[in-house]
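Okay, so subunit A shows up in both of these, paired with subunit B first and subunit C after.
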Partner chain A sequence: MASKTAAAKDIITLHGSAAIVSEFFCYAANSILYNRAVYPEESFVKVKKYGLPMLLIEDESVKSFMSNLTSQISEWLEAGKLQRVVLVIMSKATGEVLERWNFRIETDTEVVDKGVPREKSDKEIMREIQAIMRQVASSVTYLPCLDETCVFDVLAYTDTDVAVPFTWVDSDPKLIANPQMVKLHGFDTKIHKVDTLVSYKNDEWDEEE
Partner chain B sequence: MCVLVDNMDAGMSTPSYLKAQTRCPLQEHFLPRKSSKENLDRFIPNRSAMDFDYAHYALMDGRKGKDQSAAVSSPSKEAYRKQLAETMNLNHTRILAFRNKPQAPVDLLPTNHSASLHQQPKSVKPRRYIPQTSERTLDAPDIVDDFYLNLLDWGSANVLAIALDHTVYLWDASTGSTSELVTIDEEKGPVTSINWAPDGRHVAIGLNNSEVQLWDSASNRQLRTLNGCHQSRVGSLAWNNHILTTGGMDGQIVNNDVRIRSHIVETYRGHTQEVCGLKWSGSGQQLASGGNDNVVHIWDRSVASSNSTTQWLHRLEEHTSAVKALAWCPFQANLLATGGGGGDRTIKFWNTHTGACLNSVDTGSQVCSLLWSKNERELLSSHGFTQNQLTLWKYPSMVKMAELTGHTSRVLYMAQSPDGCTVASAAGDETLRFWNVFGVPETTKKAAPKTAPEPFSHVNRIR
Partner chain C sequence: MILRSPPPKRLKSDAGGSPISANASGSGNQLVIYEDSPLPAPAPLQTSNDQSDQHLCTYQCRQMVKADVLDAFSKAEKQVQEYQTQLQTLNANFSEADAERKQLRDNLLYSKQELAAAKGREKMLQEQLLTEINNSQERYTKELQSCHELEVKLQNEMNLRKKAESSAATAEEKAKLLEDKLTQLSGSVDREKKRLNNDIAQLGKEAKLSVSRIGADLERMQCRAQNAETESNLLRSQLEHLKLKFDECLQEKTEVDKKLSSFTSQTASSSDNSVLIKHLQEEVKSYEAEVREARKLKSRHVDAELLKVKLLEENSRRERAESELSKMHELQLSMEMLNNELSSWKSLLNDIPGVSCPDDIVMKVSTLQNEVVQSSMKIEEANTRFKQLEVALEATQLGRQSAETEAALAKEKSEALKTDVKRIEVMLSLVTEEKEQLKAVVNELRKSTSEGSVPGAGATDGTLIQEFESSLAKKENYLKDLENDLSQLKDVNNRLRSEIELLNEKLVDEARRNKSLERDSDRLRSEISLLESKLGHGDYSAANTRVLRMVNTLGVENEAKQTIEALQAELQKAKERLQAVEELKNQSGDAGKLVDSHITGKIAQLKEQIATLEKREERYKTVFADRISVFRRACCELFGYKIVMDEHQRPNGIPVTRFTLQSIYAQNDDEKLEFEYESGNTSILNNGYASQGEIAKQIEIFIRKFNSIPAFTANLTMESFNRRTLY
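Let's turn to the complex of A and B:
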């Protein structure tokens, strides 16, 4: 796509990058919820995004939670204050953290401070995100089965000087003890660089016995 | 599928894709299986608790900061450095979760996220609920709206004393009943300071005419009057066993022994303007005083003699406004927190042993009062314009844990209940509000039984 019109599309602004990242997070979270069977399959609806059939949950409370999340994340991204977003999957019965999807964000502070745009082809970002989505979908092959009913939560790691609306509370990091970690692909909008990592609880230790 | 193991998994012997194939929990070879449960005789690292990057940094004498410059070293080192820089900032990171959780998949109640059973060495105490509104509001008509006075104190017998213009009222917190202690004569008053003695029975009242009266709250009788300590109003008082220290508008601080006839035992000179903040340390060895001259003095009892001119142990001049808010840390010796007034708006932390300023935090609003929590490592500050809020900070990170609003004018006076759970605040808006901000010691104990079953259920799965 070397045409002149495509060149105009290649300009990424801070606002645009924040939108891309928060949108990515929304779809990625939905995908994780679907693939890890946190919510039953029938509560998801198919949409086309990133050139793939993506699934979005229909449940109102989850949808509103997600939209609040993405708008706040977008705000923090534009301020350059967001360090990472973590989607935590916990057992509903025991509250034990079983899986932790860690999206680490690196912001180009120059863009935040000076507002200079960057250049990167839309298509390329799309391709990178596609790769991540495919990886998430295929993660079922190595992630341990989540037999019990699970719930999820989202944590945001921000700078301490960030303006926090009252709808957000401080939380503990909800880490997993002795996790296994798998690094997935990341994507880069040249303003925000997102790395994905999933850590999960080790399978039953007695299996070796 | 292309699964890459992050290089930060230093020491992890087997990549995860192998795990998928064998379905066998391959552990890192230095980490035996039940390590987290049994304490074997070798050091078993706990991955999630380990700060790998910090450990690497400590070992390698690593570099600081977010190093954006091109790395000469391999990409793994670059990743390390980036992760390191990020983790180094962890002290400056806030972890937030959205308050309104989505509905759980099955229609039952959502899980309590508080019962987390991972073996972090840092305590994962459930975050307690801090009510955002005052638990109780009482009327405090005619309370004098003067920054430099100290009109509220909560005694150890659980009785709150508040001075409203010329009258001192006592409010019994256990019964909720109010009684009038005394109404001062017109020419002597108004009351400018009030302070309970450690026994919770005797109370000292400082007056506008420079007198200090000593009252017995049990019999509602005046015991004595201390005269001659000051030439102008007594705005601050502090007890140290039998010594009543008085701070005056004349800038003088006088130690009075209330048992003897000639009560003045020592005079501290140093402040050039009104002494509005006065607090003895927990040990009773050091006295902190804050004045309208923006200076904080630390006086030490071991530095004796009222003859020498410079008796103070430390003279702290960093504040740029009057310092009324002073609070000694209950869990760390020699740590003093001070708060500056309208032109300063900062809370500063001092090592009173060396006189060094440990930290300074801009709060954005005049700091009228400071209180340390007795149960947790937290600090409560009260403010004025514009929010008139009480802010609860986590110490030492100085992360804001809560902001309590309700007062419509600057929160000049604060006092803590003897059990350390409730804070009373009074402001020029003529209200006295009570806040359950410091939590109850029992709730933290209650959390333990909730988490206790978890390790046991874990054991069941192993065997």
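Let's turn to the complex of A and C:
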């Protein structure tokens, strides 16, 4: 899908890179929802991806939401209009933003304008994504516990001249005041470079200390 | 040569003079030795030979001559001894000079070695200096470039700072203008409030009047109702009385009828009977009239009860109208407040540039806030950069000090070389002095050898002298070479000194630039950390970036439905209120008009909201329908089955989803598969087609055994395709 085996390295096109990134976001979002217990464990099913056992949610409404989201993200990535994707976890009762999972995207404009392909090994990309998924799973050790019922939302930072479908509306950035930030690994397809960062609200215990 | 004849004796004075003269001549000519072999006599000897020829001496003369010769010989011997001692001293001096020459030669060699070492060191130093110069030149060029870039950046930052300051000033001015406008608006709002309060007071008075009118009407109605009640009571009592009478009349009528029947059976007829009959008929008529009156009374009673009901209804309406009047007051106030706010905001919107609708205000305020924040941050950044530049200056000073120390070290080295050079010069001067002394000695020796006549010693002395002269010449050559080397070294030292000074200056500049670069790197690191923190925080530039979120369609649909239902309920309530108000309006006159206008306005707004929500719902439905149809068509084309989804309910009340699949290669409409889906589990249902032999076998194998519905459907598709195409 994304690559054809060439003589030495794998050739990656814009379409393929967009598919890789959008797929990564889907799996990363599912992993975050599972690890942060936004949905109960029994709502998830185990699948094999990136050489790791990944968890995907089975709820049809969330699945359809994710599929629509990833398709739109893929479209924007191919157009080179997407700057960032943020997964926000909020308290259901108060609406307060508790965590922001920030996926910053840098696009090679030459590829978007001229359509030239790039070369990178698929295995290396998979290894990089694997490292990110491991870090997401291990983030449980330092992120504060979410004791209350939470909901999630996804924000897309795009260029101002992007064509907005009617299923998307303008939104505020849903920032956290005085957050703690932890930078995670990133991955690079030579066309799209993705950096991951999580910012979270200071735990009350930490503030007291 | 012995004079053959002594010279003639002269007077004592003359004789004294002659031998003196002879002695003088002899002494002047030194010792004249008799030799048989002719010798090249000097010119005065020829004259003396002439004189000897003249002078023929006697024995006395010979003795005298012998004595004279002996004296001269002794003197010559003494002179020879002196000369020998002088030679010895000269030889000693020569040996000393030779030793000194050797020493000098050793010193020369040593100095040569030192010179060579110094040359080597100088070469090394030169090479080091050259490499350092090259490196410093490279660094210099790089730092020049970086300086240019930094200067450009500084200018840009200064411009940005100025722009930020100007924008901050404009924003402040705008804020001040807005504040002024706000104060003006608040004044106008207060005035309008007062006016509205007056209007409300008037409306209240009017409402009171209307209420009093309604109360009066109600009282009238109450009086009417009371009258109707009293009438109804009276009528009731009359009705009861009439009922009683009616019953009595009926009883009498039955008795009369009985009597009449008895009378008709009897043949006797009398006038009394006819009178009775007439009387009875009259009574029946009166009773009938009373019955009619009773019926009328009954109908009136019914009317009275109806009137009571109406009265109660009107009372309830009155109460409702009063409550709604109070609510209407509140609604009026709120509507007026809203209208005032709307008008004020509209006027504000007109005043604020770049804003056309209320939604733009939020964006405008957010953009202004962002601009203010950005400008303040830029100002802070510029301040940090200035502080960093100051730190860089201090760092360059430290670098300059280090460069100065290095220059001092180089100077010390050069001074050491200078001292070496001076030492060598001193040695050279000493050597030249000795050379001159030796030259003088050699010249003296030459002179002495030229006056005396000791051929053997003179020959050896001559060779020695020649050797000494050759060695001296060599030494002179060496000295000349050393002097040339010294001059070259001096030139080199001067050049090195000038280069060192230049390098020092360059080092100072480069140290400064290094420090500025370090500062820039620190600043860039801090900027990077700031930017990373901003990115992590989620900040963005509204000029380049837009934040979008996907509308959760399922939630929106539910919310839309809920809002629609709520709005519909509100609409019904409003309609009921409107009806009540209309009834009140019919009863009261003018007071209802005002109420109507506000209610209609609110109702219009609610209707508009409902219309927009309904449009949105229809749009969603059309979009979903399109999507679903596209999905269904795609599924049919991709997998080869038309899928129909239905919702069913089991007998136990559990809802299940039923899917009916029909292959596109099916030969008739009966070839349908039915599946039931419940909470993630799909099961096949038995129907006519599924219970056929081959299909049942396939179901047994693929679904029951291997638990794979896709394999079953794929196999069925292939079989039906083959049947269609091949058969």
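We take it that the second predicted complex is superposed on the first by the 196 of 209 C-alpha atoms of A that agree within 3 Å, B and C clash if a C-alpha of one lies under 4 Å from a C-alpha of the other, contacts with A are read in each partner's own complex, and residues count from 1 in each chain.
We take it that a residue touches a chain if its C-beta (ideal position, glycine included) is under 8 Å from a C-beta of that chain, and two chains touch if they have at least 3 such contacts.
Computed from a predicted model, the values in this text were never measured in an experiment.
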**OP:** After aligning the two structures on subunit A, examine subunit B and subunit C and state clash or fit.
**Re:** clash
Original post:
With the two structures laid over each other on chain A, which partner does A:E58 touch: subunit B (first), subunit C (second), both, or neither?
Top reply: second
Original post:
Which partner does A:A93 reach: the first (subunit B), the second (subunit C), both, or neither?
Top reply: first
**OP:** Return first, second, both or neither, reflecting whether A:I32 touches subunit B, subunit C, both chains, or no partner chain.
**Re:** neither
**OP:** Would you check which partner chain A:T141 touches, where first means subunit B only, second means subunit C only, and both and neither mean what they say?
**Re:** first
Subject >> First, second, both or neither for A:P173, with subunit B first and subunit C second >> reply: both
Original post:
Between subunit B (first) and subunit C (second), which does A:D159 come into contact with in this model arrangement: first, second, both, or neither?
Top reply: both
Subject >> Which of subunit B and subunit C A:V85 touches, first, second, both or neither >> reply: neither
**OP:** Please indicate which partner A:N102 is in contact with in the superposed arrangement: first for subunit B, second for subunit C, both, or neither.
**Re:** second
Original post:
Does subunit A have more residues touched by subunit B or by subunit C?
Top reply: B
Subject >> Colliding region between subunit C and subunit B, picked from 96-104, 204-212 or 222-230 after the shared-chain fit >> reply: 96-104
**OP:** Could you list which residues of subunit A make contact with subunit B in one structure and with subunit C in the other?
**Re:** 61, 64-65, 68-69, 72, 83, 104, 153-160, 162, 164, 166-176, 179, 181, 183, 197
Subject >> Complex contacts: residues of subunit C adjacent to subunit A >> reply: 532-533, 535-540, 543-554, 619, 680
Original post:
Inside the complex, what are the residues of subunit B that reach subunit A?
Top reply: 1-6, 9, 12, 16-17, 19-20, 23-25, 27, 31, 33-36, 46-49, 82, 86, 89, 92-106, 108, 110-120, 124, 127, 397-401, 454, 457, 461-463
Original post:
Can you list the residues on subunit A that touch subunit C in the complex?
Top reply: 58, 61, 64-65, 68-69, 72, 83-84, 86, 100, 102, 104, 153-160, 162, 164, 166-176, 179, 181, 183, 197, 199
Original post:
Touching subunit B in the complex: which residues of subunit A?
Top reply: 38-40, 59, 61-62, 64-66, 68-69, 72, 83, 90-97, 104, 106, 135, 138, 141-142, 149-160, 162, 164, 166-185, 197, 202-208
